[in-house]
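Across the two complexes that follow, chain A remains constant while its partner is chain B and subsequently chain C.
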Partner chain A sequence: MSMTRRELTKLVTRLEAGVPLSPELYARTGNARILGITGPPGVGKSSLIDRLIDELRRQGKTVGVIVIDPTSPISGGALLGDRLRMQRHSDDDGVFIRSLATRHHHGGLTDATPQIIHALDAAGFDIVIVETVGTGQDEVEVAEVADTVVVVLMPELGDEIQRAKSGLMEIADVLVINKSDLMNAGAARQETRRPKQGQRWERPTLRTSAKTGDGITTLCHVADAHHAHLAASGQLAGRRERAARAEVIRLLQSRMTASILCALGASRPQTILSAVAKRKLDPYDAAQKLWVEILGSKNRSHKYVATNSR
Partner chain B sequence: MKRPIKVLIAKAGLDGHERGALVVAMGLRDAGMEVVYTGIRNTPEQIVQAAIQEDVNAIGLSSLSGGHMAQFTRVMELLKKEKIKGVLVFAGGIIPDADVKKLKKLGIREIFGPGSSIASIAEFLKKNVRSK
Partner chain C sequence: MSMTRRELTKLVTRLEAGVPLSPELYARTGNARILGITGPPGVGKSSLIDRLIDELRRQGKTVGVIVIDPTSPISGGALLGDRLRMQRHSDDDGVFIRSLATRHHHGGLTDATPQIIHALDAAGFDIVIVETVGTGQDEVEVAEVADTVVVVLMPELGDEIQRAKSGLMEIADVLVINKSDLMNAGAARQETRRPKQGQRWERPTLRTSAKTGDGITTLCHVADAHHAHLAASGQLAGRRERAARAEVIRLLQSRMTASILCALGASRPQTILSAVAKRKLDPYDAAQKLWVEILGSKNRSHKYVATNSR
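Let's turn to the complex of A and B:
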């Protein structure tokens, strides 16, 4: 480990507060495998990670874990209850677990998650596991940061139409039906097809039980196989490039949002905004006016947003 | 944005009575704090390592089974060994008056017994936590 526990934990706190990672540390990243774990609340994501840590530690790998729970929209506080499922690994030197509150970030992660992944990567962990908040159908941000996305479901969650829908189900590289100990003996047999070299990745569906430990070794093997497939087919570089692009775009967006919010404080934008409330001006025209005024003459030629222009 | 106060709430040793700890955890969440709840049967080592990894401002220890002297003492020793400063430790549960003095001497700042209000705990933390 290239930095101490104490250095790492303080670094993560600074990143969470919006202080950027140093270029020197960023240059040391790119070595860890990033495993995303997502799925609805209560399907056993944290308990599954607890088992995965066991398996990975048996293989001698070090594991950094980021677990995310929602911030209360009412109090601004949060109850971070993922760690307790994996607390027995707390005093293992090869494991570092950090709980994060969303702090009103939507999409399944937090503002600083990409940076915190870099920190754990730079600290030398072999695998970084990211557990999203309990997701619905549309929180798919984890696909922007992970090499391999595991979507965790449980029995009786819905019929095949639910599985066919867009969003969460589409980002899965591996689909896991956890709590399989609850399934009837006659339930669907486990699919463990693995793609041969060079073939398209066929998303496997695995059955696991974090309670009994069944299927965990297979899950680890399949995650390894997916990573090997990405590397062999050249897709890993593509994913990493997509991740870098998404991270920079997000940073630009938050700067843009901040400068827009700041500019809106002036009196002229306020007049425009109240004209919308009074139905004297419609929202699209108001946005177009503000877009041109806030972003200045250089951008005058740009339409505000192509899809929103009439 | 100012970082919300981050608190670890844990129960050490063989004590499964978690209702009180959970109520405090939820109460502090409602008071705007980020609460890492690590549940029952933590070892003092796990509690201290979790506090380091989570970089919390405060640790709340709960005990209802009489093991507080042994468990809390060990937590305080480990914090000292790890040279952790600026993390406030408080406690709650069933703790005899005679032990309250001893625990405070160990460095546990406050002990909230039965009947303590959530508001008083939240107020205490807001007043005494050194914000980072």
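Let's turn to the complex of A and C:
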């Protein structure tokens, strides 16, 4: 590690508060493998990651873990237990775990997530694991930052979760059926599909049990194979470009939202918003007036982008 | 109704495709009561709404329902069954139900949701019900559009859902414990807290069973009482202003994102993004360069809003 655990902890706290990573540290990124792990609530993602950490440490690899926690920090529960179990690695300098609350944030990642990934990458961790809850709505976001996306499911899932699955399938590079110890013997005997060599990645389906440890070694091998495939086929550079693009767009959107909220504080915009509430002006016309207001009417180089027309 | 069902169906389809509502129709809105119903998956929101429709129709009220469906349209399942059950009202001209898919949309509402609420409002429906799935992340959005927010829970909930609850609690005007038929006799005998008169609304907790119909009439009374409270205390105008503001901000954000994506297609922005992927330029500096690029360097009236500094 190029920085102490204490330095890294402080840095991550600053990044979480919105302070950008220095250009010097950013220049040292790009070496870690970013592994996204997502799936519906209750499939055992945290326990699986706990097992993965064990396996990766056995291989001598250092591991950073970012847990995106979509729930309130107020309440506790079983999940917190899993987090605590993961924290048993906290004496190990080769492991760094950080939980990020996303309360009142829409979507799967916090704005600081890419920056925190960069920090762990710059700090020298071999693997950075990003855990998100995939509900079928925000599943795309983890794919924006990860080289390899592992989607975790379990044998028995409720109907709503089953329906959310198809969204998750689109981003899965590796599919894991966890809690395979719950399966009946017939299902468990099914062949596990393994990836084949070639230009096109055929998504493998693995069975694991975080409880017994079954399948964890295979999962590590398959994740390695996927990364080797990305590097050999030239697709890794494409994924990294997509991640950079997504991160910059996210920053620009934050800046633009800040501009909007700042501009709306003035008296004329307030009058416009009030007219909308009173049904004297419709929301689209109000947006058009405010757009001119926010950008400044003298700016002819930037036209109102009308995505739709009546 | 001031328009035929066929006209309304066509209008909603146009709104869903992004065509704005006409100013004339918008001017006719503001009369419907907007009832938001949210809660975790599986608590029986759709069945509860089905019962609510029955009760409201008995009272002679017309009902529009907008179901925000966060899952893929590809797969089916139990939920679809609920939707179909709700559709048994489709022969009733006093009921209009529309399901909106939010696939790959981040957050609880689609961009068109406020516009579709306006359409049902302008069409003359007395009550517009908006159903969203509250996962603890996007629960806030339904509160942006609703006059009254009903949060639905059930007696037995998984741990992750229990943790999501506290986020939902913040926006609940009325709390409903559905599936109360599953409760043991002791719990069911508990007093139901009812709202008191006064300036401050004390959130009531009701027990309902969509299966037996128990508690549905009380829920309607309590929702009426909440609306009367909002009107009498002057808070209704505040909620409507907040909704107008949220809708206009959402429109401005969409326009800004469209501007960003449009601008990034040019060759200089592409070079900047490529430099980020290659770690030659950090994402914040890239965002700053692109900000100037997008807004036009001659525009001095609009400064870069730096929300944070290094």
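Just so it is clear, the second predicted complex is superposed on the first by the 255 of 310 C-alpha atoms of A that agree within 3 Å, B and C clash if a C-alpha of one lies under 4 Å from a C-alpha of the other, contacts with A are read in each partner's own complex, and residues count from 1 in each chain.
Keep in mind that, in the parts below, contacts are C-beta pairs under 8 Å (C-beta built on N, C-alpha and C of every residue); 3 or more make two chains touch, one makes a residue touch a chain.
Everything quoted here is computed from the prediction, not taken from an experiment.
Of the two partner chains placed around the shared chain by superposition, chain C is the only one that A:Met256 touches, whereas chain B remains out of contact.
When the two complexes are overlaid on their common chain A, residue A:Ser22 makes contact with chain C while staying clear of chain B. Counting the residues of chain A touched by each of chain B and chain C gives the higher count for C. Using the contact criterion defined above for the overlaid structures, shared-chain residue A:Ala101 touches chain B, although it does not reach chain C.
By the document's definition of touching, of the two partners only chain C reaches A:Asp285; chain B does not. Of the two partner chains, chain B is the only one that A:Thr13 touches; chain C does not reach it. Overlap of the chain B and chain C interfaces on chain A: residues 18, 71-72, 74-79, 103.
Only residues 5-6, 9-10, 12-13, 16-18, 71-72, 74-81, 83-84, 87-88, 90-91, 96-99, 101, 103 of chain A touch chain B when the two sit together in their complex. Listing the residues of chain B that touch chain A in their complex gives 1, 3-4, 25-26, 28-39, 42-43, 45-47, 49-50, 52-55, 132. Against chain A, in their complex, chain C makes its touches with residues 18-23, 26-30, 41-42, 70-72, 74-79, 102-108, 114-115, 133, 135-138, 140-141, 158-167, 237, 240-241, 243-245, 247-249, 251-262, 264, 272-274, 276-277, 279-287, 290-291, 294-296, 298-299, 301-302, 304-305, 307-310.
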